[in-house]
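Per-chain residue numbering starts at 1, and chain names A, B, C and D are given in the order in which the chains are listed.
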């Protein structure tokens, strides 16, 4: 399994222990490898080794047409595939300067927020599992299953949804979708209370998460943290509010923030975000307008020469697409700004001086998906 | 620290709350596991599973007009369509249509691009095989895979 | 022969005390086989209970409702390739699992399943149990060190620190319980059987004695014993999300199964200490209340409540049998399930048969003690599983803090107060 | 108590202010980092000026469209044949920069409402420092590069995407460099650029001068070639590396 790197001891103090965590370690969320320099159990340095899941998504994009590349982005952050797709579609729509019909925008919001719930549920389950609470994983996955069922009914796939197309949505809401989504909202809120009952006040959970992986707001900005990690540090910044896209300015919701920037606050922020997502979904379903769901977009998409950077608030942070078009059928360059990749960079700063057990807690709280880190 | 919080801590209220949740879920009614081969999952109507080539139910002729759009649209270029001209009707008629399951990511773009509703992603999701013949030809796609019945 | 057996069994003394080596050997075999069997059962029970708490089904495939799963697992573990890592210290590596199982089983020498159902009654029984069970630290350190790998080493380090520090608190509250035995007689005892008999004679389980001192002592012990057995939420030595599998990361197959066996045996052992010291050992609840005298059978000279209680073991077996039969009835009516349904039916009928045996008068009387003792231990086992399903894991420094800064002062306070109260009363 | 920690965002501004107080780089103006969505210089495309960078991009069209992707019929014409073009970015910020750095800031434009600057590589650290310290662009969103092998003088565009919380504004800063040139590292300005520059080096082979630890990040050490360059075909693989390290023959 994992082996020590004894040969690296030559340049290190002999009192330090090099512990190789991953890529097959149970709590590195996939294939992250962290090389820990330990003084006893205390972490004095980390080095992340990533790239085990590198598939060259950006290179693939240069060899596909705009529409063809759409399903590939689902494979980056595979627990939030809908968000990935939304970001990509918005970027290309910006590039070709197309306005998406209102109904499609609302459908997109419903799907994206459902996906945010699913992503946060996966995060909660795995994070709790890392800290040793086994059971929340099963509860969150059970409830996430309802979301996946809605996804399956809406777009025919559960995980890598490919739900949106450039210019709108391919799929009209299925019969009874509104009702089903509302029922799900009613179903989920008590379940979130249950997760909280298991964890929020639990003294072990509080001790394990409070004061662990603290990062101040200024440091978080300097490290480029986005999403819940940034908000838990007290910076009230959410792209859905700051630069609204896809009709988010029409919904009434709050941006939960934390104060201490520790793991516990990030936990609370995400839990609160789940409640806010439910709120957004309810509004979107209730105000779902009628009309077309697809704008007029050419099948053989040839955007004009130019470049755009469009980013959205994915569950994990700012997910940006920088697309350069040379006027041909294929993008000249697609750059993905992956939130997990940038957030993971803060790991070193956040775990320095803490214990080995905190490393897994911080990896969990950063909510990384290696498919997105490595792309 | 208020008195209440000290009391709560002393009497393990926070832990008991959690214990109550797990205790409650022990009821066999709460079990969520689906015993798959026995219990069939409900597949959504729009499920994107194995492709199916629809035939005209009246005439038994393929709806495919060999326009090659699906092959062009496929991001993985895994569909290959070959056609020949029917000498009598002078129409383009599909001769072979093959498809590679091992590379397919079931994105549904081929389905979207089909102008005649011939190509459709079906609800069939059980196409694991013991052999490596991932390339599925037209006949098999037209009849559809026979659902497996699992025996011990 | 039969007469000899029944004659011996009716002696009011353990084989160890009697100096009867043959019977002691038989008892030892019975206890070891019994504990191993219970561990197998617990394996199934834990997986089932844990699964149900986690809205899963648990093992379902091997045997009806996965009843044969532990046997399948045991078979698999025994047939696995025996791997010793290249850099390991081979002697210590293979010695550690054997040593740990030896310590885990040695503890059961003094566990009193009933007045006479113990292998022996040592006058330092409690001390012996604590002493031998702390030997397992040594084995864990051996395992961790011999593996010559970082994760096991860290697991072993954690384990040794954890078990040593929780033993202190544990020892203190155990002493307070021992002191309670001296209340009326001024002569305390360390003998496990003596402690239970003291509870019987004082008509008090020690958990209720000097309320709340006994209760606090029990709670401290209950927490410390979870830490002592490396179970959640104190399962740091084998924390799978941090240390992969802790001290037994490099073990596989048969050696690994010995560690598992030792862990579960250890759980039973510490639970039996807790049961003996605070929960009245083999005594049934309200053992001092007998109800109106009844004289139905000639051999019965107890009260109605005693008689009713003596029926309980059989009733429990019948209940289990009923459970199995209902389960068999509710099995899906499919051809593939024929064998499973038949198996479950046979299992249920077997349980029913055991229940019938337990109803027979001589067995009924002898089995009662064991029944109550096991039932109490069963509650603890359930608690272990329940904790595991619910709680997150402590961090190492927090664990030490809880041990030294919370449990130790409380244990010390309980000890002093017990002494004062004991002298005053 | 834990219940108090998250006031459910009832007092957001105070929290933001706390964070701002922690270090002065956040919200030093005393205003909340988030303003309600105001299109400050964004979302206002007006076709006007000549597309400088875009025209530079046009000859760099390295990859010809695969014949399979073009059907026999003429490709459907884009909806707007002319397309939007960059327009000058007339705001105090770029004007200040222009006057301060003179010709080092070659261009300040907006395209589809998104502002960008094109600067000289030599002046890049100074311009970026001014952007961070004086214009509150305290968040480096992304750092990447684009390869234009057909371009004569400069083969790479290096792009910094910056964001300012106080202004709620994004700006792209671009510079053009020759293949083999080094770009000054901005790790000192934004620590987040560390991995981004490493990735940029990994994918394009662009050297960042002053980077503390410029190694490959996604690809294994010792890999040959830089995959996101246009002259690196999509199926190419360092077969030698694969053979030596994975002990398999490359499956290509």
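Following the convention adopted for this analysis, a contact is a pair of C-beta atoms (placed from the backbone, for glycine too) under 8 Å apart; a residue touches a chain by one contact, two chains touch by 3 or more.
This is a predicted model, so every value here is computed, not measured.
Put simply, the chain nearest the middle, going by average C-alpha positions, is A.
Put simply, the chain farthest from chain A by mean CA position is C.
By the count of C-beta pairs in contact, the leading chain pair is A-D. One finds 25 Å separating the Cα centroids of chain A and chain B. Centroids built from CA atoms put chain D at 63 Å from chain C.
Centroid to centroid, with C-alpha atoms defining each point, chain A and chain D lie 21 Å apart. Separating the centre of chain A from that of chain C, both taken as means of CA atoms, is a distance of 45 Å. In chain A, the residues that reach two or more other chains under the touch definition are 135, 138-139, 142, 198-199, 201-202, 204, 299.
Of all residues in chain D, those touching 2 or more other chains are 69, 71, listed in ascending order.
Taken residue by residue, chain C touches two or more other chains at 53-56, 389-391, whereas all remaining positions touch fewer. Chain B meets chain C in the complex at residues 15, 18-19, 21-23, 25-28, 30-33, 35, 38, 151-152. On the side of chain A, the complex with chain D involves touching residues 50-51, 54, 56, 58-60, 62-63, 65, 94-98, 200-201, 206, 216-219, 221-224, 233-238, 241-244, 249, 254-260, 264-265, 268-269, 272, 296, 298-300, 302-309, 311, 318, 320, 322, 324, 326-330, 332-333, 335, 337, 341-342, 345, 374-375.
For chain A in complex with chain C, the residues that touch the partner chain are 1-4, 17, 19-20, 25-27, 41, 128-135, 137-139, 142, 198-199, 202, 204-205, 207-208, 355-360. Of all residues in chain B, those touching chain A in their complex are 9, 13-15, 17-18, 20-22, 25, 32, 43-48, 73-75, 105-109, 112-113, 121. Listed in rising order, the residues of chain A touching chain B in the complex are 64, 67-72, 75, 135, 138-139, 142, 145, 149, 152-157, 160, 162, 165, 170-171, 174, 194, 197-199, 201-204, 299.
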